[in-house]
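Look at the two complexes coming up: chain A is in both, with chain B in one and chain C in the other.
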Partner chain A sequence: MKKILAVLLCMTLSVGLLAGCGSKAATTGTAAADDVIKIGVFEPLTGGSAAGGELEVEGIKLANQMHPEVLGKKVELIIVDNKSDKAESATAVSRLIDQGVVSIIGSWGSGYSIAAGDVIKKAEITAVGTSCTNMMVTKGNDWYFRVCFIDPFQGKIMANYAFTRLGAKTAAIIQEVSNDYSVGLASYFKDEFIRLTGDANSIVEIANYNTGDSDFSGILTNVKAKNPDVIFAPGNFTESAQVVKQGKKLGITAPFIGGDTWETGEFIDVGGADVEGAVFSTFLFDEQAPLNDKAAKFIEEYKKVYPDKTIAAVTALGYDSYIFTLDAIERAGSTDPVAIQKAMASTAGFEGITGTFDITADGDADKDIAAIKEVKNGEFVFKETITLK
Partner chain B sequence: MDFPTFFQHLSNGISLGSLYALIAVGYTMVYGILRLINFAHGDIFMMAMYFAFFSITLFHLPWYIAIVVVILITSVLGMLIEAAAYRPLRDAPKTSVLISAIGVSFLLENLATYIFSGKPKSFPEFTYMTSTVQFGPVSVQRVSLLTPVVTLAALAILLYIINRTKLGMAMRAVSKDYETARVMGIKINRVIAATFAIGSGLAAIGAIMWGVKYIRIEPMMGVMPGLKCFIAAVIGGIGNPVGAVLGGFILGMGEVLLVAFISQLTGWRDAFAFVALILVLLIRPTGIMGEKTTEKV
Partner chain C sequence: MKKQYDKKRVVLNLILIAASVALLIYANENMSFYSKRIINLCAVYAIMGLSMNLINGFTGMFSLGSAGFMAIGAYAVAIFTVPVDVRAEVFYLQPMWPLIANIHIGFLPAMILGGFLSAIAAFLIGFPVLRLRGDYLAIATLGFSEIIRIAFTNLQTVTNGPLGIKYIPSFDEIWWPVGVAIVTTVFMFLLIKSTYGRAFKAIREDEIAAEAMGINLFKHKMLSFVISGFMAGMGGALMAGILGTIDPKQFLFTLTYNFLLIIVLGGMGSISGTIISSVIVTAGLEWLRIADEPMIMFGYHIPMFRPGFRMVVFSILLMAIVLFFSKGLMGTKELSWELLGNWYKRQRARFIKKDPSLKGGGSK
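Entry: the complex of A and B
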């Protein structure tokens, strides 16, 4: 018995020794690979927002395949999972920085981006937001930029849509109270809707729910009793789909409208027939009408990999954020974080596949066009574009 | 508030409450027998929902067979967990078993994330069950009408087992004092395994109803219902099945009525459940139907 133990111990030790050698070899390997530029990506790949993160990673990876080099060096993507969790987001970004990335891309979900913002600011490394639309992502943070429009704009778009297109005089808001994105967007919608109707009481109900809730019957019954013309319910796609579904089951006939997060396959999977006719604002990208040659090329490449999938706007934003990063590194002429930051901040006339834009003083893309999409026969159908100055 | 709205809230509350009740019974049974809060119970509920999802979408079982299969598999899972994580600790301090239960809970959550992926899945829709019936202006889904009936039927069967069968007598004996029960020739491992099987089976029924009604399934979804149902069991008096059902109804109803009457507090409904737990523990630790027991040495 003792002998066997001794042999086992010897084996474990020698294996440990070998493993030590192995890892050492690996480190020298990467150190020698100075010709690689690492770009970090943090996205929700598991948890409640996973479907959104996956769509963006699709776009980022495809962009990397199409444009694998910058400054004559190969670009390596390091993708980490923020687990749809705010605390995990900060950790995920720290891990990226430890691995020596020169810039960061992400994330789907403003809350995760805001949570990572402090780490990014302290580490003085640039980050490019994909579809995080909340004001707080870039505000007061010189290192965070984004390629999408922002919520004050999106809130106005939907308020205008409700007021002019739907002719709504009253609205109810159902918001995901633990989600910065949802609460922010809802408040901009509210301000604009009240301004348009000129009636301070035009928002008849504001109902709250929490991320991960399943039962919305209580709040929906309250909303139904107020009989609003339209219901604005921005939030995570699965919860939103359940809100719409349970609302329909309760006999609510007012249209449900929402924001960009609804554009994921899961929204339709969960909502089924009940989300038919749901309308939401999203980023400008229509695969039937590419904005420029780059967009056409992207659509072509995408269809090679995923022949049957409709391209989500956030996938296109994933592509744009990668190209935006590469463009800044190119113009900076080095991987020095300060130089990249300067290059990003001074971006003007950047031609992305989701539109041409400048970077504002806050670090946002100055986009003034949004797309309106509708769920029709189990698919997202492009409805119209709305421009607001 | 007008009458239709009130009745709508009432029916929402009953339907949510009866789901809580089904899961709470599992907590209370295990506690009654082992004095163990089985924190993995919520995750057994989650696993049952995945079993149902896969038996219908992947193996294309007709729903009436799927229900039986899911209940059986979940019961086996419950027994396996008991045999692997709790039985070896039978004579260890209570805290060790409790920690083991928390371990099992994390294991199941991460296993589910790993195997089924972290992306939410949507439960196949039973259009008959999810379609609504109109009572005047009040609309109720068929599944919501069915749930309280199933819950009460399950409770009746359970009470029959506990009070009228040999297994039930053995359960009661083990719950009073398992050392003595063992001396008297009761095979306590078998009785405890049966308890886990029944509790998990009820969680499976609850899971199927939940899936039909709320559609979404994800690995972490057992956590909140699990905690809520634990609270329901405590409110009713942990260890007492009738109390657990009562507690489930009270909690479900309370949550919905909170939303109905103080709509500004809707974001706080989870907090409400935990405040209720603290209040019950402070004011009446034995719950509504719990008996006062002297601590055994």
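Entry: the complex of A and C
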């Protein structure tokens, strides 16, 4: 018995070894001709954030199929998993750099991008963020760019929505205190809402909860007592859905509004009928109303591969980040990292499928439009766009 | 006879030390950033494994607080080594607590401070907790590690809360982590060989018997716990120095399981086993990335090889290792020249038995 196991173990190991040789042979075989441009992708493909990473990789792969060439050379994607872990992200990116990629795309989750940013900055190679919205991803790092909007913008958008569209004079905030995204959004919402109403006391309550909590009746009772016009509750989709659900049970009538993380099937699965009417801001992408021809083409191609799936906004952002990288390489005219960095930094009027944008001094996309979506009949329905000046 | 044997061992040890120093210098000069990072991570995991093995393997207490101690060390480095002029940028939601906002120290003092803070935390938590045994101790230490994490999440003006701290001056060189790992290993060997180490082992084998022999149970358990806390703090500090950014979510209790995996795999109560398995787990998992890449073998694209597959392969290998070595790779043994020599002799004997022609004419 032990012998059989030993043999099996040896076989697994040798297959692994063979695999190493096999794949190396394959890459060197093509790279030898020097006609391949390698673009690295690091995304969470296992672990807690795997669902998000998978969606983005879908978009990047599809973009690669649709636009397989740049500068007359074939583009090869090297996809590595960051295990939804910060230390692993930095290692994964070092590996990509070691394999000679010319630019890097990723990642879902700002924490992973920030951890990788340090390596990217030292190696002086460009990186394009897909949906990492935390300010610190690009700040102080000339080599990191991104195609999505940032947390302050989204907080401001929702404050504007609450003030102008809902006519709210008071608001309560329920934030997931262990989540940088939630805390960031809540903080910018607060500042903007106070600025708009001109009343320092317009935020009547700030309630905290932790990731993984399941009973929110205590904080919701407090919120209800303050009787706000609107409740801003950005956070992880499961907990947020519970917050809305339990709030409705307690008889809170004020509308619940949130951020882009709510646009996940689980939000409706958990919340059921109670999340009907919940409104949130998200990346500007709607498969019913494509922004331009490129978007229409992308939707068409996507539906060929995945006929039954609705396209997530992050998938579209994955597509945009790939096209943005290709565009910069094209304009740089070479694969020299410094040239690509210059091309990316000077991007103006880039027409992506999630909106047209310039790159700011920090390396962010200056998107000034966000989509507002609502949950209606168990689906996410596009409501309107809000432009922030 | 014995003297001669010792001489041989000294020579072998010296050769080994010289070879490893040469190898490290070579690695630091010639290896890519990626390989050096893996070496650094191996070193940190080895330190964390040793710290956990001291309590779990040598003293026989089941503690799961490593992640918490690590967080203390990591935050000591993060808070005090970030340059003062970029602190406003890091603490962009709420400014840093004015009392510490202008204190800046170098990496070495910060790392030692991290170790000491961690040891102090271990000392304080040890008083109530070390009265517990077995699973209860595990639950209490696990709770402590979560408390630390949640405290760091909420201390917005000190730790920047969930946003984490960026701009920690990081290093690419392997000297800090590897140096500390070597010092820790040597220290552990000396500690385990000393009277204290023997007392720890006695406690592990049988607490009542140990107490009957005059060993002060609480004192020794506390000593083991505090030293382990100090090491974990140093490990955390090095982790912060390698990554350059940390946030509380990194120190979730699941982090502790990585170290638990290392000590179980290497052998509870074996220093060399811990080192070997930390290298296997860290470098091996990196090496298995080939399973994540698309593979073409004999012109055929094998569909199994896709991102995430390496975790499946890794799990299978772990199960196989646990099946063959139920006490871990090394059990409670240490890697020594005698062990290697005996192994070599055994293998040779086996070989000769199978193939009599190699035995020569003498035995007939």
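Brief remarks on what is shown
Assume the second predicted complex is superposed on the first by the 335 of 389 C-alpha atoms of A that agree within 3 Å, B and C clash if a C-alpha of one lies under 4 Å from a C-alpha of the other, contacts with A are read in each partner's own complex, and residues count from 1 in each chain.
Operating definition for what follows: contacts are C-beta pairs under 8 Å (C-beta built on N, C-alpha and C of every residue); 3 or more make two chains touch, one makes a residue touch a chain.
Quick caveat, the model's predicted, so the values are computed rather than measured.
In the superposition on chain A, A:I194 makes contact with neither chain B nor chain C.
In the superposition on chain A, contact of A:G272 is made with chain B only, not with chain C. Chain A has more of its residues touched by C than by the other of chain B and chain C. Shared-chain residue A:V204: touches no atom of chain B or chain C. Applying the stated contact rule after C-alpha superposition, one finds that A:T46 touches each of chain B and chain C.
In the superposed model, A:G212 lies in contact with chain B only, and not with chain C. After overlaying the two complexes on the shared chain, residue contacts for A:K122 are found with chain C alone; chain B is out of touch. By the touch criterion defined above, A:L71 lies against neither chain B nor chain C after alignment on the C-alpha atoms of chain A.
In the overlay built on the shared chain, the residue A:A339 is in contact with neither chain B nor chain C. Once the two complexes are overlaid on the shared chain, A:T221 sits against chain B while remaining clear of chain C.
Common to the chain B-facing and chain C-facing surfaces of chain A are residues 45-46, 50, 83, 177-178, 210. Those residues of chain A whose C-beta lies close enough to touch chain B in the complex are 45-48, 50-51, 54, 83-84, 177-178, 205, 207-210, 212, 214-215, 217-219, 221-222, 224-225, 238, 241-242, 245, 249-251, 266, 269-270, 272. Considering their complex, residues 32-35, 37-38, 41, 86, 89-90, 92-93, 150, 153-154, 161-164, 166-167, 170, 172, 239, 242-250, 286-297, 305, 307-308, 310-311, 313, 316-317, 320, 323-324 of chain C touch chain A. The touching residues of chain B, when paired with chain A in their complex, are 1-2, 5, 8-9, 12-13, 15-16, 113, 117-122, 125, 130, 132, 134, 137, 139, 141, 210, 214-216, 218, 220-221, 224-225, 255-256, 258-260, 263, 266-267, 269-270. Listed in rising order, the residues of chain A touching chain C in the complex are 2, 5-6, 8-9, 12-13, 16, 18-20, 22-23, 26, 45-46, 50, 57, 78-81, 83, 85-87, 90-91, 94-95, 97-98, 111, 114-115, 117-119, 122-123, 134-136, 139-140, 177-180, 182-184, 187, 210.
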